[in-house]
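What follows is a set of structures for review.
Two complexes are shown next, each including subunit A; its partner changes from subunit B in the first to subunit C in the second.
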Partner chain A sequence: MTAQGSVEEIAVTIAERPAGTPPDESILLDVRGLQTHFHVMDGTVRAVDGVNFSVPRGGTVGLVGESACGKSVTALTIMRLLDIPPAEIVGGEVWFDGTEILGLPEDEMRHLRGNDIAMIFQEPLTSLNPVFTVGDQIAEQVRLHMKVDKKEAIDRSIESLRLVGIPSPEQRIKQYPHEMSGGMRQRVMIAMALSCEPKLLIADEPTTALDVTIQAQILELLKSVQARTKSALMLITHDLGVVAEMVDEIVVMYAGQIVEQGTAEQVLTAPTDPYTMGLIESLPNVEKRGGRLSAIKGVVPSPFNLPPGCRFAPRCPYAWDACRTTSPELVPAGGPGQRARCLLHTPAGAARRAAMLDTAASGGATAGQGA
Partner chain B sequence: MTDPTTTSTPAPAAPAPAGSAAAGALEGEEPSTEALEQDWRTSDLPGLPGDAPFVDPGLAVVEGETLLHVTNLKKHFPVLGGLLKKRVATVYAVDGVDFDVRKGEIFSLVGESGCGKTTLGRTVLRLIEPTAGTIRFGSADVTKMKSAELRRLRSKMQIVFQDPFGSLNPRMPVSDIIGEGLIAQGLGDRKERDKRVGDALEAVGLRRDYTRRYPHEFSGGQRQRIGVARALALEPEFIVLDEPVSALDVSIQSQVLNLLLDLRKDFDLTYLFISHNLSVIEYVSDRVGVMYLGQIVELSSSEELYRSPRHPYTLALLSAIPDPDPRRRRRRLVLKGDVPSPVNPPAGCHFHTRCWLREQLGDPEQCVAQEPELREIGPGHRVKCHFAEQVSPTKAAEFASAHSPVEMAAADA
Partner chain C sequence: MGKYIVRRVIQAIPVLFGITIVVYAILLAAPGGPTARFANNPRVTEADREKFKKAWGLDQPVPVQYCRWMGICNPNNEGLAVFISDQGVPNFLPTAIGGGTNGILHGDFGISISTGQSVSSMIARAALPTAILAGTALVIWLILATLIGSFSAIKRYSFFDQASTVFAYVGYAMPTFWLGIMLIFIFSGPGLNILPAGGMTETRLSPPFGTEAYWAYFAANPFQAIADIGRHLLLPVITLVVVNIAGDSRFIRASMLESLSQDYVRTAKAKGLRNRVVWFKHAFRNAMLPFVTNVGLEIPFLFAGAIVTETIFSWPGMGRLTIDATRDYDYPLLMGVLLITAILVVFANLLADIAYAVVDPRIKY
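Right after this comes the complex of A and B.
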């Protein structure tokens, strides 16, 4: 669908847009310098720490990273669903469809949610109301956002359940959430999210709680409705296989920051940031049978005690002195539009990178141009 | 990153450009069967390199002396109801399972949630009493053992539990968690025990001086290491690993997998490895049993299973794995409906309510009338399907091309 061109465009918009001005028409969602902190007993968690990315109209973007890196908080900040306090949106702008929405009054925001932006969550049981039938819940959603009578709302609910592949929807609308399996509930959530034909669908780990054959059903369903409705999709997952299948562009997060962004193909087949490389290398597969997996050493740093300089330095196989003092910026690396947060891609790291590429050419480990 | 098929094909022959099959499907055009087969045969469907020879004589059946021998094992749980808490129904959690584990191998069980993996793993150790069947460990009949004998056996057979957060007592320091088994076995004095606890911690890559700490002070990966250390402290021969890496992030998952493989080598261990993650299973296993609704439906060497699966369920499982290479987006075989409840498993073949092959063969009555046996269709390769000989990637491709994925999933189950 979208090719490298759009990423270049995004790179340009990132560079050019001054604060307070809307992005280009082609951009549906534009997140700029977003910072969300949590003030808790042990101190302040900088859960989202200066995040920039865009979702083109009708485009698909994946947010990936390991647990606690800030994926869900990014989504919840965009949706304005965080409790403030403990959360605080410290800085940044979120432009949606030409409007900055962090500053929108709550009633306008409520109108946006469900109408233009819909979200589905990891555990569909907790986001459905247990005391109402699924039919009532979808019909309510429809009536809230479209001016239709009750009868038509119910017809639309049945139709939207049929659309997500639920057999005999006329019967199913009379059931309660707990009477359905996890896969079935996730279908209902998708049906609800899509019943109002949103411009943007945010899906936070929509298949993580599901079995692999049910996950396959749900992913296929998401793909087909996304293609039909032309909604844009922001997919959050820790599963590199799932993003590879679903999105055109990928944003990789580590410890609250974006560490790499680019097209799915760039990021997954030619990663340029050492963390992305490490993640991909550590996936088990049949070719590695009999050998060791290349694991990333150590663990994610505590959010209360982030290392100085590059946050990945304590675990990075390529780290050198500068990494422990200088915080790297996201800079162009690899293919067109691709960016990485790594000093190897700055003038200071150029010599090292060249040396590594030489070793790589003669059969050693690779950095810079990926595996 | 890469699938098994590209290893055997020297040039990963023009990987399907992102979107070729997928985009066709998205725009609602049905890709031709020919195009699909082309895709499935080159690099499109993990584990299915085309119609492989029925049995590959070059494939070594893993040799070795049998350590664990399980015959017709069943575990049925009563569902109690009413005021008198009488049995109103039965959960057929494990329902007639046969397999061997050979000394030194990693035998894996894979299947979806609720198919009975954990129940089977625990029943093998008699942490759960079997309803029927026999379990032999070496020359001993585990099913007949009295409790004293069973306790002695526990030092040889250990388990690492599924949930690294729930399985460690939060009020116990690490020294007690790991040393508990040693005390139960009456092994060693205080000093000897402390040494073995320290050794076990070191073996799993933790520091000896962590013994005074409590579970909440550790990350998920570290807790899983403590679970492994607890099992190791007794110097067992055999360990059941129940989803040892499922709760962990990928970067930590690979650390723990490396550890488990190292320990197996260093201590001559045999593993029964349980997971729902098909990529992990393929990476670690010598042989694999695929479970569905309390039964093993296919059993073979790992290579053969992933290269030449013969049960319609196994094909669907392999087809469902998301491939982390975006250049290989492909059309997949999607199963309809959900896994039925193990309270009332479908008659005949338990899989018949979701089986694409049965549908393709025109719904033969035999699938409903008669339960298929887990029968040998080649050396060391057993399949529980009346029509296993007719299963092939071509058949699967035909089926996938005749229906859109959403149609396949929606069909009334």
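Right after this comes the complex of A and C.
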């Protein structure tokens, strides 16, 4: 845990703030009640449905969830890169560096993109334009935002390639993306994203398309350049192992909603939402060697046919009648500042929670003895 | 790249050789034959036909005829000596080092039966009008098709897109001859009568196009001459553009839509680039890649003569030459035109491949 991760500060960052007023100076990105819907032929998909979280200056936040839980759409909404229509930003505010950016004119938003907020995408193989050299593609962004001449833009491109550990960058900038490996291309994407020294770096599954050995390198790289450049990092991933190493705070999403948020330590060691518990239980673990990995039963509900109550209720081992009719709110649970979207943490679920904890404790003890 | 071009040119040789055989075989298999032109002339006797056949070498066995047409055999010799030129070296070698002078290997496409002129000179005379018509039409239609296709894709489902879709289907479905005749009817008919119905120049104003007298006139009044050709060019160019723009604008629209949905377009937007730059630099360049090949395949047929358009507007180009040759059973001329077309196709393909390698850095030869 770094300095930003102290429990008291987290408690501040996720406290409610009145709409229409800028967040505290220490907060770089503040997302409030964000709702993004997609209007498609079969109906409306509520891809992001009331999401609140914030990223402190220089801080690191991980957005975690299964595929199609709305984490990428959240990022693209912040960047305002969604095609409208079919997408529609139905409600909410996004405060970046003291300005609400969902209402910014496109011209001003463009100055933020690539300059103050940069994004790295999942697919390094297709995210670079195949017909331009990597140098061209980095220098293009540098020239756009830094107002420097061509030569200096190229020098800066070389510098940023060097920063991400690409050997002999002077030669590499003349290469086309297809002449590089996947890991190299993702390094180029990172170099491009960092070339204008952004205040916020959004990395959308930056390692998913890479093989495991390269994944570790890229994560290491992201962490080191993030520390060096002091930019904030919003890491989107489905991989809990990745967030454990990379971020201070974790936001867990399910079916378009946040189901749990807190510090990395809180969420990973003492999860309070049954979905997060399920995710963590399904991780391979030294103590569980030899046994079958557990999985969360069932599938993510269809976005056109969400359950009426808690969206996780059909898959939840602890669900009871109330869960199928009442939509839970995000309520304080567990440690300071930690919150979960689960009825177990409301007065109605208190008794059940106590019983559940008892079983878990005894069950855990048995398992411990068995091992 | 240089090595690749040389290899492709060498590869083209057997292809072209095969084409000469196919062209020859197809015309041989077609009913009629060179003497069919006399079929409706009762004054031509059987003896006359034999004399005609002998004069044109049609009494020889087919392989010999082909061999002479190619320029491998010397028509002045008999027996095995047919392969030897008058200078005593193999006949197929270039004339400059003592080879023969006859046959397409030596640039001699023979004599047109109907006009008595050399086929090469007739093709050369028809090539310029076709180049003018095809070149003008091509430039206009590529520019318009690119613009319409790109904007349709960028503003997908907009009014402009819907309108251009309708235009494309109407244009695509419209037969060339019908459109040409309608244009003539409207602009050259008794109502408006503002444009010439056909031809390339006003014959009352200037000598026939292509003659020395014409070039003297052209040198004396260049603006008047160009304006005159321009007036004659208008309707056939409109016809070619309308008919061809339809398919190509659809092609570019589809290609552009695919480009616009690619990840690198999202990356370009995330860099903060203006939409214009994202569309016309990042997406457009990629959308053009498949189109280069497409154009490469369209061009040779255009320069071989837009047969229907040229015929309707009496344009003195390759297309009309083809029709005239067919109608007159003018076999040497017909073979010459077909062969030139085939050569154009082969080399346009080569050019398209080279152009493709130039625009797409992923292609390496």
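Assume the second predicted complex is superposed on the first by the 340 of 371 C-alpha atoms of A that agree within 3 Å, B and C clash if a C-alpha of one lies under 4 Å from a C-alpha of the other, contacts with A are read in each partner's own complex, and residues count from 1 in each chain.
Going forward, a contact is a pair of C-beta atoms (placed from the backbone, for glycine too) under 8 Å apart; a residue touches a chain by one contact, two chains touch by 3 or more.
If you're wondering where the values come from, they're calculated on a predicted model, not measured in any experiment.
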Subunit C versus subunit B on the shared subunit A, clash or fit after superposition: fit
First, second, both or neither for A:155, with subunit B first and subunit C second: neither
Which superposed partner A:24 touches (first subunit B, second subunit C, both, neither): neither
Which of subunit B and subunit C A:115 touches, first, second, both or neither: second
Angle, in degrees and to the nearest 10, that opens at subunit A between the C-alpha centres of subunit B and subunit C: 80
First, second, both or neither for A:67, with subunit B first and subunit C second: first
Which superposed partner A:197 touches (first subunit B, second subunit C, both, neither): neither
Contacts of A:97 with subunit B and subunit C, given as first, second, both or neither: neither
More subunit A residues in contact - subunit B or subunit C: B
Partner chain(s) touched by A:88 [first = subunit B, second = subunit C, both, neither]: neither
Minimum Cα separation, subunit C to subunit B, after superposition on A (Å): 8
On subunit A, the residue positions that both subunit B and subunit C contact, one per complex: none
Subunit A residues within the subunit B interface of the complex: 1, 66-67, 165-168, 181, 183-184, 211-217, 219-221, 223-224, 227, 238-242, 244-245, 264-265, 268-269, 278-280, 282-289, 292-297, 299-300, 371
Subunit A residues touching subunit C - in the complex, by the definition given at the top: 79, 81, 110-115, 118-119, 121, 123, 126-133, 140-141, 144-145, 176, 178, 189, 192
For the subunit C and subunit A complex, residues of the former touching the latter: 262-264, 266-274, 282, 285-286, 289, 359-362
Subunit A contact footprint on subunit B (complex, rising order): 1-4, 7, 18-19, 22-23, 25-27, 112-113, 219, 221-222, 249-255, 257-258, 261, 276, 278-280, 282-284, 306, 316-317, 319-327, 329, 332, 334-335, 337-339, 404-407, 409-413
